[in-house]
């Protein structure tokens, strides 16, 4: 990445309480971790734990906690801030805006737009994109190369679809939805009736409805409802390679990490967190604020506001105790054998 | 979705024994669950368990069990049937046919068709589709936008490929195969020989052969055989994000739920069912009619006609007992400590 | 596949010590397993274990171990070799080169190439490919149909991208990298700060850097670093549907089987092997030569040069013992109940 930020533009954006030292370069040309930073780079320190690494770092600019006792080397500038993690994020956002600057509005000559589709004049349609009949693409949307927007889809303003995203027909996106490459929304739910030795398809005539500010990771799939919608609530964030089954409701502001799987008709409340490869079987209710650790799978309803582990899921503390004692199982068997021998002897 | 069905067209299709009440609207304009149904919608009741919800529902048409004792409200029509689930599926199929009505035959102007490929005149080739040398696309096939049909692939009649499907070279599809967006059939199997500190690729020169009436979900991958085919048997249904390794044989009429993984050379019999994220390691035989519950993983051969749970898989009943007692492990250790103390004291 | 190899071309390539019998056909027209081979096919025998199958095989040519005592049937030729598995691989490589012969260099008329991109004249750009601003495609690269090469990507020589591969901006590929269909490199890492009841995106401004001779399977995803790169080391092989999180370092010559997941910032040493659906949580170090069996998940650092099983990962031998005794848990409870009753009685 080719970045070039002036110190003034950085100082305008970052919320600092004081600063120390002198930037030894004309411009900030990168952002890197303490260890990988070279001259010209900005970096940050989350806590005093990383003091040694800061002392060894070649970064030109470091965003550090207010109370960290440390002096910059020559040609180094330290910005003292309340929350370094949030302030470095602002800096990255400046870079991010430079990196993914909005492409000019318009429709690529190699796009295939139905005459009954409606594309807002401020939207950008990339190469090899299909927009099917009756679809509506809102103001400021960017549709990446090779994406497919099916019949009757509706995209609210400023959605960003990366390359090769599929929206099957009737998918509805709120404002500022961000979909990464390979996402498929609205594929058929997995439903069959067994009849005469064959699996007969149960038609899936529902849809997928995605709230404002949702982000969905690469190659994740969300099936359409059998009838009625599969819903992803406002502000929820979904990582790569996640499966969301038909008629699932994901509440607002959920976090679903990579490889999570949610089977059909399950309802997640708001602020649910599911760690990597966590899951839930079908027709369950997971209460608001429930947190499932990595690999934790719910096979029955879970109350909100609590942490869970294991598969089947149990309260996290219980899971941790079970994990510890499970490792001692071979020892347990030995102790039991000994006890039995002693008792036998005693009689 | 914009649906408009006359009552007569519904009565022609649904197998009802009697009816009650009057449809208060001119046309059926949607299908929904009991709770989400509004005026104009059809719905269904699976059993008497849902009687309260039926009484509270705004549906105009309800398909209900023959023996359910209930009277429609004004403007509501009840159709009494043997199997409500099957009859609502027929209704959804009518809607489905309206939603995914067959596009007109022909080849899109933005398609890339090899001069040696053979496309049946009744087939439909979408925008940005590649059909490579020697490939054959049969009567009535629909190839969605952005799909890729490799060298020498053969598609029998009425296959449906959604947008962005990949068939690598020599893939063979039976009749009426349905592939969802992002499916990849025929990627190289994962095989290497370790030689001189490096992994040397074992060429994968087999193929993928898919039987009639198979359906495969979004972003699922099936690798080509090392040599000889990887096979998906007639009538099998595979959900999203499933991995099928090289030289696997999936038998007929299997059900593989989302995130299942089958390692190389494993053979599944007919009517095998694998729940969500179930799996099998390589070179195994899973007998016909075996049912693996969600998360169950076979590490050795499994006999057919039985249910399994756990990883490694054990008979389901054993797994359920193990699961129950595992939760009591911390208690078990306490009891053991107590016993040991008592015995020590006794001596 | 339509293969036609002369016996001489086979004898030129395979390292045999002696041969027996006569090829009953003019040409080798396929490769198959012992059981599936028909006249014209070549096959191989790994060890004396398969002697019965060899006797029943219709293969015209068999590559067999030097010391196997067996006589060919009429019209069968046996090549005796040191390592049959390696020699059949050479034969398959000949076939493979015929199957995937390099397409002619050049840019397809339906490709979308930025005027500031640089495409080497010996590279092949397929239909519906986008190559964005500043990207560089090296000598001999083949970019499959529908692939997307983002801004500033750099591909060294002889990379092979199958159909529908996505490289997000600033992705760097070494020489001879092979990416299967549906791969996404450089999607945003999954990072948010929780602020005022909402998940605020942490910009992901790093990149993905892939070493020489890496191969990555269908629909696998590798996220870009938050800042700094996510790295896949030289010679590593990654299977289908794998997730590699942001700022992960995969060392050299790793093997990651299907459905593996590696959470953010974890570092894998060299020659690490992860079986199917193995995993590692974030910010861990997995030592060189560590081998995680299928489904094994590291929740803490693992030392190199050892084998592990279970989730959380423990040494493989311990895991195997735990697995055995876990199955006996219901019995254990019964024995404990009995002991307690005996002691109660004794007092």
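General observations
Each chain carries a letter (A, B and C) given by its place in the written order, and its residues are counted from 1.
Methods note: contacts are C-beta pairs under 8 Å (C-beta built on N, C-alpha and C of every residue); 3 or more make two chains touch, one makes a residue touch a chain.
Owing to the predicted nature of the structure, the values given are computational and were not obtained by experimental measurement.
Between the two copies, subunit A and subunit C, the C-alpha superposition involves a rotation of 120 degrees in steps of 5.
Of all residue numbers that take part in the contact between subunit B and subunit C, under half occur on both sides, making this a different-residue interface. Note: centroid distance subunit B to subunit C, computed from Cα atoms, is 26 Å. Residues of subunit A in contact with two or more other chains: 110, 128, 146, 164, 182, 219, 241, 259, 326, 329, 332, 336, 339, 343, 346.
Partner subunit B is touched in their complex by these residues of subunit C: 1-2, 30-33, 36, 85-86, 89, 92-93, 95-96, 99-100, 108, 110, 126-128, 144-146, 162-164, 180-182, 213, 215, 217-219, 235, 237, 239-241, 253, 255, 257-259, 276-277, 294-295, 323, 326-327, 329-330, 332-333, 336, 339-340, 343, 346-347. For subunit A in complex with subunit B, the touching residues are 110, 112, 128, 130, 146, 148, 150, 152, 164, 166, 168-170, 182, 184, 187-188, 190, 192-193, 195, 197-205, 207, 219, 221, 223, 226-228, 241, 243, 245, 259, 261, 263, 279, 281, 297, 299, 311-312, 314, 318, 321-322, 325-326, 328-329, 332, 335-336, 339, 342-343, 346.
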